[in-house]
Structures are given as C-alpha cells and as structure tokens.
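Below you'll find the structures, each written out as structure tokens.
Two complexes follow with subunit A in common, the first pairing it with subunit B and the second with subunit C.
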Partner chain A sequence: MNYIKKMIALNRRQYLEHRQFYGLLALAIASLLFLLFFITWHWRESFSGGVGNGIFLIGLFGGGAAFSACLYQELRHPAKTIWLLGIIASAGQKIMLWIIYAVFLYGLGYTVIFYLIEALFFSMASGSQSATMKANVFSNGFYSFYLVFVNFQLWLLVGSLAFRKGALIKTLLLMVLYFIIAATGNVVLMKAMTGENSITSSLPFNYFQFIHDGENIYVYLPASIQALINVSYNFLLPLFLSYIAYLKFTEKEI
Partner chain B sequence: MMIKKSNLLLVTFAVFFVAALFTADRELAIQYRRIDLKDPFKNFGMVPVRPYKVLNISGGNSYTVRIVQGTAYTIRLMNSRKQFFRMEQHQDTLAINFTVSNQQYQLPEQCTTGLILTVPALAMINTSGINCELSGLKQGSLFITQEHEAILRMKDLRLGSLVINGRHSSTVTFRDSNLTDTLRLTLDEGSSVDLGPLKTRSILTKLKGNARLVITAANLNNFVK
Partner chain C sequence: MIVIKDLTYGYHSRDTLFQELNLTLPPGRVYGLLGKNGAGKSSLIKNMAGLVFPQKGSCTINGLEARHRRPEFLAQLYFIPEECELPPVTIPVFLRIYSVFYRCFDETSFYEYLRIFNVPEKCQLHKLSFGQKKKIHIAFALAANTDVLIMDEPTNGLDIPSKTEFREIIARTRRYDKITIMSTHQVKDLDGLIDSVIIIDQGRVLLAADKEEIGQKLSFSAKRAGDDTIIYGIDAPGGRMTVSRNTGAETSTLDLELLFNAAIYNPSGIRAVFQTQ
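This part shows the complex of A and B:
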C-alpha cells in the first residue's frame, strides 16, 4: 500500500513540475503530425498505401526519443541528479516512474493525439483517397511496433544512465550501428552458412530472402522457434533492460 | 578494477545475443536446404478449409487473389502475407479478409500473387476492394458481386448463366476465352465491365450511375449465333 502511495506521490510530483513542458510537447507533436498529414495529402499521388501508418511511426519513435531526452536529462549530470537521489523513494520506484512516463503515458498520449489530429485533418481534407491514407494501427500485427517502442525507450533509459554526455545521440548512434551491422552482417553470415549468393535481404531472428529465376523466395524460421524469439524479444528483453536500468541507477546512488 | 554488475550483465547479454543469432541463422540454413526450388508454390503455405459454395472476400489490391478451378477446395497463402489473412467459415460460406495495402503504381495483373484458392465449383463470389483473377470454372451458373473498387479478371470460364453486380467503381475484364449462355449485368456508381472476346448468347444489362460497359468489335463478332 505504501509502495502505491509513493508511486502516486512521485507521479504527482513529476506531473506538477513538468506539466508545462508536457503541454508544449503535446502541442508540438500535434502541429508536426498536422504538417505531415498536410504534406502527404498535398502530394498524395507521390505516396503509396500505408502513409498514415508511416506518419504514426515517425511520431511514435521521433517524439518518444525527444520526450525521453527531456525526461532523462537530469540523469546525465551528477550535480543535477543529487536532488533526485535524495527523494525518499527506492531506486526501483524511480525507475518505474520513468518507465511509466516514457513508455506507457507517452505511448497512450501519443496514440490519442495522433487519432485526434487524423480525425481533424480528414474532416477537412475529404476525398476518394482519404480512406487509404488513414492509419490502421490496430490491425495486421502493426501494433507490434508498440513492443518495439518499449525496447526502444528502455534502451534510451539505459543509455541515459550509462553515458554522461550526449547520451541520446550516442544511444541512437549505437542503435543505428546495430541495424546496419544486423542488416548487412546477417546477409553475409547467411551467405556463408547457406552458400546462396543471391540473398538480398535478411532480418535477424526472423527471415532471409533470396532470388531464384527472378522470383523472390522467403525463408522463415519454424513457427515454434519464432514464437520463442518473439516472447524473448517482446517480454523478457524489456524486463532485462528494466533491471539493467535499475542496476545503473543504484550504481549512481553508491 | 571491479567491473560493474550492470556492465557484466550487458556483456553477458551481448555474448548470448550473438550465440542466439548464430543458432537462429543455422536453423534458417536448415529451412533453406529443405526448399524445393522446382515447387511453384514454394512461397506458399496451405490453409485448411472445408468445402463451401459462397465466397466473401475483401481486402486490398496490392496482391492478386487467384481463384482457379481444381479438384478440391484448397487455400494457398503466401508465407510473407500470413499476418494479413483472416478467415471465417460458417456452413456453406467462406469469408476471407486479405488486408494487404492498396497500391496505384502497378497494373493489377502485374501484382504478385498472394493468395490462391482452388475450387471445384462456386455458387456465389462477393468481392470488396481486392485484385482478383478467376479462371477455369465450368459450371451451370455463377453470381458475382463486386464493390469498393474491386478488380476482377476472368479467364477460361464455361458458364451457363453469369450474373455480375458491380458498384463503387469496381471493374470486371474478360480475358482470353470465356463462354456463357446468358450474361446479366447490373452496374452502378462508376463500375465497369469489359467484355473482351467473350462468347455469349444473350446479354441483359441494367446500367446507371456513370457505369460503363465495353463491347469491342471482336466481342460482337464472337456473339454465339
């Protein structure tokens, strides 16, 4: 009971101290979304289907990174961290607070803002193509990007606790580096393992694609192995990263 | 100098991650060696289905849905499109939602085939928004309803009676050889039918709301006397 009371008090403090910033950020995200909807609508002949989903992802990850950068900025400077360390709450509660804000509240708040702006925009820009340009986030497994977003935000949290200067840039650079190595390196690895030279793309822990007689052929992992990987990536990895963030924060306390 | 517990765990995670990646890639290599490159359906997986008479199919147009005459009711789904496929079956009706995206840069016939249905016969096909190719059916009658810009190409059909209801700018194109005794067309809201080289004894039409019916000279020459 005491734990919940402390969490509520921490949340209240976090909200009261930063509400002006949250309001401005919500306004900035809403404006940016409106601009992106306007651009893609104005040049709609240049965009293929799924435009709404693309805009959704830009805001989710771009806005999420910006939000986290501000949320975690006090963690990077030891002098600024002192007041935070002094709050009578455990390291676990403080880490939980950041996860609630950076992952759940941002994810929820952003989704609400996105759909409000989309509804507002398409109430003005109605036309035959408006139906195909709208986002469809909760179908075809697209919502799995929320799970990717959880890991993305947790890596940013770990990065903020690990790096003293330029934490956001360094963490993002490491992520980009990982994707480059994962995308190209895994193709090289698969070529070596299979002897197939026409492999054109590969997603680690998922599939690879090669060309045979002009046809793209996909090779997937067996369903049971893929399910095990999905559980590990979507549920065990966030728990692990949360624990790493907790350890990093307690190491700061010492 | 003592290494921090968090860093130790991160290093352990990195080692585990690389080992898991090698294991997954090894499994992918095993799957690769199992592929029969001569199999025309190597990119497809089978979806179990019971016999049905009515097919309701909706979705997007970026992948072609092929309905072909066969000895049994089967569904082959492209492996990479599994998450875009939903299916429900009630009594003699099969409802499929193939929610791939819509595209405007390729000709419909140039789109990759994403779903293949073989059917011995069908009484009714209701399509919405999809890019479909129907071929080979030889039966007494067939009732087709098209809506929401659905695209349908028909090939090698031998039908006693064919009824097509189209609306919402849907299109039907007859290709290659098609033969029917009676063709009934009800077109509305910008829908269109191109009869191509269809051979038929009679055509009964009801066109309204900017609907279009294309009858070519070749088509007229092919009217069954």
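This part shows the complex of A and C:
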C-alpha cells in the first residue's frame, strides 16, 4: 500500500470510528455559539464592538481543546494505545493524520459552523447594532489567531504524548503558566534592561508599555526583527512541535 | 524467525527484569510461553512486539528491529493484548477499516471463526463483553495471516465453552510457516495446542524446547519416591506423578502442568537436563 492509500485508510479509520463524536461536537459547538450570540445580542448595550470576534475565539480554542481530547484518547488507554501502535503505518503518517484533523479539519469545520450559526442568528435577531456585532475574522490581521491556534493544537498534541494521565489539563495549565511567567518575566527583564520603572505591561518578543508624563508609551521591536520573530513563531515553531510530536510518538511505550 | 539477543530490560534502569536474555524462535511452530504471574511473560512479548524497548540488546522479527516499529515490521505481526478494546463500529465497518492494512487478510475465514465462536455478526463492537471482544480479536488475528501472531493470555476472559472453541480454532488453523506465541499462566489451556514450550521465571528462561525434545529427555509417569531420576513429583489421586529424566527410550505423554511445576520448583534440575543458561 503506497503512502497516499495508507493515509486514505488511516483517514477512513479516524472518521468512521469517531464520526458520532464529530457530529455531537459540531452540535455542541453550534449550540454554544448560538447561546453566546444570544447573550451578547440580548445584553448588547453591555458589550462593545468586536463581540463576534471574541465569540469566534472562544469556540476556536475551547472547541479545539475538546476536539483534541477526543482525538488523542487512544493514548490514554494502554489497550487502545497497543492497537494504535500496531496499525500498519509509520509514526509519521499517524502524527500527520492527527495534525490534519486537529489543525486543518477542525479549523475549517469550525469556521464554517461559526459563519452558518452567525448568519442564522442574525437572520432572526435583527437590530440597529447587529451589523457591528458580527465577526470580522478575515480582516485587520485577526486571522493571525489561526496561526496561534495551530501552535495551540500542536502543544496539545505534544502534551498528550508527553503526559500519561490528565494530559489535556496539564498541558493547558502549563500554557497558562508559561504566559504568566513570560509576561511578568518580560516586564522584569525590560525594567532591568531599560532602567524604566513605570513599565506596566508587555508581551514577550513584541512590545512593552510604560507611562511617561501620564501618557502610555508603547515600544515595539524593530520591524525587521519582529518579522523574523513572526516567521519563527508562526512557521518554524509548528514545524518543531510537529517534529517533537513525531519523536515522542516513536518513543511511546506501553 | 524471532531472534532475541542479549536482551536486558527493566521497568526502571536500576531494576532489570531480564539480563542478557537470548532466545531464537524459528517459524512453523506454536510456542507456549509459560510463567507465573509477574514472571515477565508480558514484558517479553511486548519487547517482541516493539511495545516496550530494551535497555540493551535487540529483538528482531525476520531481521527487523522491533523497537523501530517500521510498517514492514508491523505488517508481519499481530499482537493480541490481555485486555482488548474495540472501536464503536459494527463488524462490517471494522473489517472495512482494518482488513485493508493486511495484505493476506481472509474475510471468509474471519466470518467462519466468528461462527465457531458464536459471536453475532450484527453488533456494536464496543458494547460486547470482554470475552466476546477477545474472540473478535482472535478471529481477526488469525484471518490476518501475519507471519507472527502473539497472544497475551488468550484464554483470559473466555468461559469454558469459549475455551473449547478457542482450542478448536487454533487446532484448525494451520500456520505451517509462521510463528504463533501464546503466553499464559493457565498452563492447562494450552495442553495439546503447542509445539514448543518456553518457561520463564524471574526474568530467566528455565526451559525452551520442542515437545519432541522434551519427550526424549523427560518422562512423565507414576513413580515411587527414591528414584534418583525424578526431577519433580506430586501426589495425585492415582499415585505419585513425576517428571524424571528419560534414561531410556521411554515414551510418555507430555503433562504441561507437571512440566511447568518441575521447572518452577526445580529449575536447576530442568536446566541440567536441557542445558539452558
């Protein structure tokens, strides 16, 4: 069986064994989105613009984590792991299929569901502010969250292969911990480097903000370095994470 | 052929279960891997299947290293674990998914084995009992026709009629040029099914021999105590049953349970006869 045929066979397996879950998850996500649209529309005076984008992100990342939890469930049960490892395909093919499902198929499927629900909801709930409440995912660089989502899903994959128990929770907690440490650590680092004590916030590899004469001043990295970091973060990091996942999978023991 | 060379394995680096273990299993035989609970049977067959990795040494099937789990290696092997899980699909869907991976899969045989096992063909696999799941695994494994078939405690979870059906199926399946390994601590279940016996205890191979060799070197019979050829004996309702050195051309029927007990309780006696490590 050649590479393509094997990938098709693996895909058939992945789909047929989990199709019930995929259907239920799609239904759950659609219901959640509908509820969130309803809440933000009903109390629309309490929300500022761009609510639709916020809802989009909640579903993208929350649903993505739930989807990953199902996708990697075979790694949590020894009997299922034995079965998975015994399937006649290379470790690379099995990892590749997971990435296709967790990143691309989920991302695509979720976007379609989101826009369908949004269109359905706002066809029923019309009002003066409904136009401003709609999501605008593909403008103003907002789509870059898709790239963050790729890394997020790949971290979950690596976490599922690294931890034997409670992999999803542990990985999510580690990600939160990383952001807390990175953000506060960056403030401390910037203070030490610049001698400026009024730095109030920062984002690692991006910017820091300080107060000068009562004004918020933002200091960004030079554009060329920022571009380099963006390439590393959005393209090289996913490749590294995929390779780490592959290596972890080849080392997987029962 | 399975070749285990200088295999050192342990759950932790300090605590080794096997120390430089060597074993060669030629094709065309059914091997019974026997040992007490915790003797290391499962660890040994998991090493063979590439599910755990040795600290030192190697384990190869037809020249392919198990720990690499290359597709060519996986295509030669079917491993049935002690605890079986099946996906939430029906039997036809299960076949549609998995049979394509096995080049020599025989669908007719698969359904025939299911009929012998009395497994309903229209059912959701994940809703079946433990024993039924195991039967489907066994039927699929035999139909897959891989060069090596490894079964870890195959009769665990099977009721008495199912054990009989299992014996019937294994006896009917003639895997002439292939290797079948059945690991169990329930020695009686394999009586009459196997061609070769491997007994391990505390990480050591106490005995690895064909039934013919065992018949030539050992005798299973009722003997009085005091005979210096006796390696092991136990009082039974019909008299004292013994395993003794076969000094002449004595023929006797292999009693697997008696042999197992002899290897466990008098390992040096058995090793002396078979000149194992």
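Throughout what follows, the second predicted complex is superposed on the first by the 251 of 254 C-alpha atoms of A that agree within 3 Å, B and C clash if a C-alpha of one lies under 4 Å from a C-alpha of the other, contacts with A are read in each partner's own complex, and residues count from 1 in each chain.
One rule holds in what follows: a contact is a pair of C-beta atoms (placed from the backbone, for glycine too) under 8 Å apart; a residue touches a chain by one contact, two chains touch by 3 or more.
Predicted model only: the values in this text are computed from it and were never measured.
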First (subunit B), second (subunit C), both or neither touched by A:196: first
Contacts of A:165 with subunit B and subunit C, given as first, second, both or neither: neither
Subunit B versus subunit C as contact partner of A:20, first or second or both or neither: second
Contacts of A:89 with subunit B and subunit C, given as first, second, both or neither: second
Subunit A: partner with more touched residues, subunit B or subunit C: B
Contacts of A:225 with subunit B and subunit C, given as first, second, both or neither: first
Footprint overlap on subunit A, where subunit B in one structure and subunit C in the other make contact: 251
Of all residues in subunit A, those that touch subunit C in their complex: 1, 6, 9, 12-13, 16-17, 20, 77-80, 82-83, 85-91, 250-251, 253-254
Touch list for subunit C against partner subunit A, complex: 46, 49-53, 68-71, 74-75, 77-79, 81, 83-85, 87-89, 93, 96-98, 100-102
Subunit A residues within the subunit B interface of the complex: 48-50, 132, 136, 139-141, 186, 189-190, 193-194, 196, 204-205, 207-208, 210, 212, 215-222, 225, 229, 240, 243-244, 247-248, 251
Of subunit B, residues touching subunit A in the complex: 4-6, 9-10, 13, 20-22, 24-29, 31-33, 35, 37, 42-43, 60, 62, 79-80, 83-84, 99, 101-105
